[in-house]
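Before any comments, here is the structure.
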Amino acid sequence: MIIDVHGHMSAPDAYYAWKASLLSHRGAHGGKPPAISDDALAASYHHPHPSFGNTSHLAHIDGAGIDLQLISPRPFQMMHSERPAKLVQWFTEETNNLIHRATELFPGRFKGVAGLPQSPDLTPREWTGELRRTVTELGFVGAMLNTDPHEGTETPPALGDRYWYPVYETLCELDVPVLLHAAGCKPPAREPYSLHFIQEETVAVWSLVNSGVLKDFPDLKIIVSHGGGAIPYQVGRFLPSVVRTGVSYLDKLRRLHFDSCLYTRDSLELLMKVVGTDRVLFGSEKPGTGSQIDPETGRWFDDIHLLIDDIEWLGDERRADVLENNARALFRL
Amino acid sequence: MIIDVHGHMSAPDAYYAWKASLLSHRGAHGGKPPAISDDALAASYHHPHPSFGNTSHLAHIDGAGIDLQLISPRPFQMMHSERPAKLVQWFTEETNNLIHRATELFPGRFKGVAGLPQSPDLTPREWTGELRRTVTELGFVGAMLNTDPHEGTETPPALGDRYWYPVYETLCELDVPVLLHAAGCKPPAREPYSLHFIQEETVAVWSLVNSGVLKDFPDLKIIVSHGGGAIPYQVGRFLPSVVRTGVSYLDKLRRLHFDSCLYTRDSLELLMKVVGTDRVLFGSEKPGTGSQIDPETGRWFDDIHLLIDDIEWLGDERRADVLENNARALFRL
Amino acid sequence: MIIDVHGHMSAPDAYYAWKASLLSHRGAHGGKPPAISDDALAASYHHPHPSFGNTSHLAHIDGAGIDLQLISPRPFQMMHSERPAKLVQWFTEETNNLIHRATELFPGRFKGVAGLPQSPDLTPREWTGELRRTVTELGFVGAMLNTDPHEGTETPPALGDRYWYPVYETLCELDVPVLLHAAGCKPPAREPYSLHFIQEETVAVWSLVNSGVLKDFPDLKIIVSHGGGAIPYQVGRFLPSVVRTGVSYLDKLRRLHFDSCLYTRDSLELLMKVVGTDRVLFGSEKPGTGSQIDPETGRWFDDIHLLIDDIEWLGDERRADVLENNARALFRL
Amino acid sequence: MIIDVHGHMSAPDAYYAWKASLLSHRGAHGGKPPAISDDALAASYHHPHPSFGNTSHLAHIDGAGIDLQLISPRPFQMMHSERPAKLVQWFTEETNNLIHRATELFPGRFKGVAGLPQSPDLTPREWTGELRRTVTELGFVGAMLNTDPHEGTETPPALGDRYWYPVYETLCELDVPVLLHAAGCKPPAREPYSLHFIQEETVAVWSLVNSGVLKDFPDLKIIVSHGGGAIPYQVGRFLPSVVRTGVSYLDKLRRLHFDSCLYTRDSLELLMKVVGTDRVLFGSEKPGTGSQIDPETGRWFDDIHLLIDDIEWLGDERRADVLENNARALFRL
Amino acid sequence: MIIDVHGHMSAPDAYYAWKASLLSHRGAHGGKPPAISDDALAASYHHPHPSFGNTSHLAHIDGAGIDLQLISPRPFQMMHSERPAKLVQWFTEETNNLIHRATELFPGRFKGVAGLPQSPDLTPREWTGELRRTVTELGFVGAMLNTDPHEGTETPPALGDRYWYPVYETLCELDVPVLLHAAGCKPPAREPYSLHFIQEETVAVWSLVNSGVLKDFPDLKIIVSHGGGAIPYQVGRFLPSVVRTGVSYLDKLRRLHFDSCLYTRDSLELLMKVVGTDRVLFGSEKPGTGSQIDPETGRWFDDIHLLIDDIEWLGDERRADVLENNARALFRL
Amino acid sequence: MIIDVHGHMSAPDAYYAWKASLLSHRGAHGGKPPAISDDALAASYHHPHPSFGNTSHLAHIDGAGIDLQLISPRPFQMMHSERPAKLVQWFTEETNNLIHRATELFPGRFKGVAGLPQSPDLTPREWTGELRRTVTELGFVGAMLNTDPHEGTETPPALGDRYWYPVYETLCELDVPVLLHAAGCKPPAREPYSLHFIQEETVAVWSLVNSGVLKDFPDLKIIVSHGGGAIPYQVGRFLPSVVRTGVSYLDKLRRLHFDSCLYTRDSLELLMKVVGTDRVLFGSEKPGTGSQIDPETGRWFDDIHLLIDDIEWLGDERRADVLENNARALFRL
């Protein structure tokens, strides 16, 4: 069985057209979302999508043998930095509602991971209302946290800063894991959103490991997306700190979890060697950036399960941990 | 016959979903617009629209007896202030292309009025490339000019400033009129976009009349949307200037044209009395803000032709001027 | 009898020279106002003024048959945005004192309407001290409120924002009406102060009607200057909201009062038709912007009482309401 | 005979009231100055002034035996930092015109020293037009230069910066001296304008001596107001530089001239000892800050000629240099 | 006996190299200072220094007959404006520790005057922790206060502002004097740090005398460095205020103390005449800016004791007050 | 034979103390560097250093069998963002001079790689003067380029921007490679300088590969430090672009070179597999961040040559390419 902890919702054009409308009227038309029928919503999962190799969401995950996918909002669409803040509030709530409806339309196939209304004009405490609603009322199993609510327009506090503590407190109280995943990226930042994810994950891991967060919240369950940004590859830079602190950097790093959302076998092997197979959770982001056929191999670039299958030294037990057991334990599935 | 100089395009959800996508990836996915079939595009004119009283674009203008409508982009969706500037360039070009396709799908019903890629990060000279393209290659008959490319986030130069001269020069060279019409409005501005239009028109008229523009460009043909903002109503404030300057304010004001896009008969009468029936062009903005049924009268609020019909003192000739002849002359239709 | 709710003080040059001095020494010379004798002060009302058609303040109001004029500070001179804040405090207090002295010098001819020390560096709560002083100690009958204390240099909170509530509370507690009237207008704003008034009134009405203020302060008595900016003319844009909200826009609009400070008969008629003659208070702003002789008619542009007289359909009773009774009731005169 | 190089104009209230008006309408009423009759202007020199010990301008200089006074604008009223720039242009031109009229109303008593329209929004090259006009058309003998056109709101380039070279070039071309004298001082600067003068003079001397200006403009004639700010007193700090550069600091300092506008004998003596009596020009700033009677001595604080008379070691020749000859030579009087 | 209240610490290169390192890693390497042996520290006082005429700290003060020197941090090295604030905290603490070690290495020769961690990102209340530590734990006898923690990059509150009150309160509670002395000066400020000291002292005296500080803290003991900036020389400007306030400016000025850190006899005489010999404390800043041999006199420029000896009118008693007794009383030595 | 392309200079404390002094006086003391004798300079290479495991620079590279090391400035000390720009100019020149002296003091052991005076207040064209000087006059073989001259305080243009073209042109003209290596990192950036290097390399590779630089400068030789930041590990994200562009991402990536400055064998293997052994140059950064003994292995963390030796599949030929031949060819050694 395969559990995919890193999937994102699908939705019909009407949802995105509504977003465009919100960004145009900036609240003047109110926050009422468009009427999207169950059929229209289901079709967005059934219907082949031109961005994803003309293949549907369901065909993608079926093809990869994914039995259960945890779906969160499409991060790059979250628009946390847009003003006024009520746009973010409205859009996030409806997004979570659509995720919830998808979990009900396809029973057993999906579980919800909540987006939060992370407007920088709201406080982190205010964000947690939606976290609480989705977990307690909609049955969501976790949340996604954007480490840069400014989306590239300003420098936010690092994750080790007490600014974020209200979120950590609520996550612990609700006992759900959080997936670190940045959202959009605007000028003046230089990088596209996809690279911004990596940059943000790199800083996030650094800040968490070098702060008091993991000590102040011993039960906090954090999953870093995309295999942890640059950290597992660059981990050597941090190892000498043991001489100064007497504490192994790797021991601290392994307090975090990482998803497997990397599209090359070498990188997956590196990740597992550095953080250990018990800290890696299968995540495919299917359908997404990697949902194209590799002309050389004929495989989907994001057929990460095939790459994992190819790693012989892994063995069945640890492979099952990565593909299923680690997620099951962390999310209490 | 009725010619409506103030109509805006219709488009399917896919177009707006693409806009939402542009605002999310900020250029990372490139500028290729979505494939929109002729059928889908036509349907957006044929199909009843929930925002517009569940009535289609064509039904609206047919119902009002509008024979020819000049259509421009939906202003509040134009997103001139968004960065990077190439988003604005891409979106404006495709918007004009869709307008052009609509004029071809419905021969004789529509003429195009161009949107310009008014990113504040581009120069007004750079905006004029699209003006030239639409007029010389796509047969557009005029352009729409947003007086506030910052969309409420900063104060732009007033229309009397030389900043705008490259646009005026190109309009004169191509010999096409321009419709002044603001676009979106974002915080920190206090007003919704719909009121921002009015505020911008008010400042625009003031600045044009009090600057050297009308002298420097004697052939410039300017139409002020929505009946000229506050000016015709507040015109008394400006009349005393004759004592100081020796020039009648009304004479200067009548160098401009005004559309009839006001939804009350009293206001229409005021407009015509102040600027003269030879300076008023029929504009309905149908379907748009006013496309709701007035529960008291049973009329559409934006049935401006009915209001004009109700003005008895107007007489047939002047009524025909407003409804058709003024537009025909100004746009050389 | 005519009561004019919109008049502004007159003052001798020494008062303005003091203002120039304050703006030069910025507080270094302290806040002591110049000694202005009763004779000098009275002369500023008796003496013909070159800006006002070489006619005196008293001759102007006598000529118009104004029996009682409510006088407030000259708004464009109020300099609310100047720093440090104590300049604003000093200047406002002395201005109100001079108004008070005028009411005593000409018993029965004038009543005071207070300026407030609306420095953006003070809180609205701090502004209310002067409101209380003028009403309780100097017998003022109302206050003037500048909706843009930044005078065009930044965007202030809209009138619907809780920022303004301390002022509303004090107005209600003292049971006096407030005249909305902007003050100066500086770059980067594009418009002159006179047009800024109109723009500010337009936003003010929009914000009040669309906020909770009128509900939270059912006894608040608001008069919008200059006939309400653009709103009565553009009112059609707002009528369709009834379809969405079920509440008539006009009903909400008529919670406010409007002065008659418009210089054309057509506009006055429009105003009365839109808001009703019970919501219009005679205001002439005499002597002021309109105090020039119209070369065509030989009338003063601001002879608004003549325009009102010309409106035949008004009838004697409603004319008396506008000219006297509405003001008498609202101000408890 | 006494020549006073540091006097400032007098003017009637109407002039200051006009300034207040400019700052209120910001150009909306145009730049036409008020009509000030010769009588009114003359009275401002003849009339006792409450700020200056209830003594008139002429009585002050007569009492001090000043035969010829060079008068410049009142610096703290110059408002160089106000926007838009045309206010500064208008006000400076009229100010210089009034100075010119005073030189003609009182033949032989006054010579003009020009104010420049030093708006930071104009270029120094643009400022020089007024310098040229006043010298070539109005017979002015020098100019005053404000070293801080931002008046405390931003840090300007120091006087050694090439920013100022267009002014230096024009001064040399016209062969007239310049009096360094700051103008207003606004928040966020901490000091009142009077202390700002001192601070600016201190930086000015430092920058001039440590830059290439005196080498690039060997004929430039600079007078530093108020005895050179802090420099003569603090000169010891700069003497050790001779060890590093081989050039005596005092030799460089003595390239500049200084006025005697200090109100204590000890300071005057210090100044003369440090810079030499050949570099000191009599300047009284009468009537001005010091125009009060010292209750202890019964003298006017600004009776600087008396302080100079008290310095016995000075001797008649050097006293005459300070009181007359140095000015005569520098200004070619 | 001579007590010098204005001396600054010496330190080996390793201390400065550590500072350079802090400014490079910005905290990433932690705040551990370098190991500096007693020998190395002592050598920095014994070893001739190229910046100070190739003469050692001890040789300098021995040569001048200074028996006891109060040493504070080298102000221009204090880097209060650097970020993050912890750099300032670390560097200040270690600086004070090195001062303390010097007082112990050379018993009887030095007493400590504390630097404070004046980061603008910390509150003045937070600065006082180090003041308390140094006085109560390390036996320091006073503190140095930088009046511009932004070091020229922004305008700080003036010393009369309540912002500074927590420092004043702690000084009074600990009953120790404070030496006003600015630190570094960065662009956009125009002046070098050495002149910035003078500018800051000038504003500081003005603000203290014109505020309520001296009344609110009657026991506050303030010493202004470098002879009080410009004030004693420019004191005449302030004398006329007696006419307005009835209080002698000199009486207020003499509430402060001043050090003798001026390098010319004329200036020293001026200082003593203006503030009185009971308010002047010997301060040499040796070794420092003035530690060069004057090629004309063969004296060190900073041999201030020789200049004082040269002042004949001073007499032995007052000379002893300046050189020793005033300091002894103020610091309770 | 081993050639190390990534070494940084050593220097005595006097050099760093000078830097601290520059940052304190901001140019007031001029730019003259301290006298550093050959003995002192040599000692900084011979002397054990506490930050580097109490082992000297030479002992480190001798121990690693490094025959020739290319040395550049210590990046985190470069202070490109400090103002005024002349500090950067002075410090960079002296830094390069010290590198040059080291190459002469230890003939055959070192070659120089130049730092550039990358003040954001200078133009890239101005930076190239020092590049030209070091290559043509001092025999340097390449340059180091900081991709973020603002050092974390603002977002710079990405490397694909034409802003950088003057540097690329000069590199091509001089035919020398450039090592991309960021410098310091200040607030508000969240990461320490060491992680900033990685972030900057990640963005740099992305920008170069996605821009026209490699096409516009076909001969440009670029080495990315620290194994290319996150890119080789995250390369899978970019592979699908082949579907859209038809060009293999890996082919483009392999236009760049990468150093081996990673401290784990797994990462080194990943790098070589992704970019090919012909694109990897040995770089150790010895002595530096990794110069600590690993308590588990007893090896220095930065004994990268041992890690490379451990990679069996590499074979002798490719190992020699990485250790020597690739550098020899690229730098024409």
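Letters A, B, C, D, E and F name the chains as they come in the text, with residue numbers starting at 1 for each one.
The working rule: a contact is a pair of C-beta atoms (placed from the backbone, for glycine too) under 8 Å apart; a residue touches a chain by one contact, two chains touch by 3 or more.
Since the model is a prediction, treat every value here as computed from it, not as a measurement.
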Going by the stated contact rule, which chains contact chain C and chain E alike?
D
Approximate Å spacing (C-alpha centroids) for the pair chain A, chain B:
43
Chain centres from averaged Cα atoms put chain B and chain D apart, in whole Å, by 56
What whole-number Å value describes the gap between the mean CA coordinates of chain B and chain E?
68
Would you mind listing the residues of chain C that make contact with two or more other chains?
192, 194
Examine which chains touch each other and state the graph shape they make (line, ring, star, complete, other).
ring
Ring chains in order, chain A leading off, chain B next?
A, B, C, D, E, F
Under the stated contact criterion, what part of chain D meets chain E in this complex?
154-158, 188-192, 194-195, 198-199, 202-203, 206-207, 226-227, 229-230, 232-237, 239-240, 242-243, 262-264, 266-267, 269-270, 273-274, 289-295, 301
Considering only the defined contacts, which chain A positions touch chain B in the complex?
12-17, 19-21, 23-28, 35, 50, 76-77, 79, 83-84, 184-187, 192-194
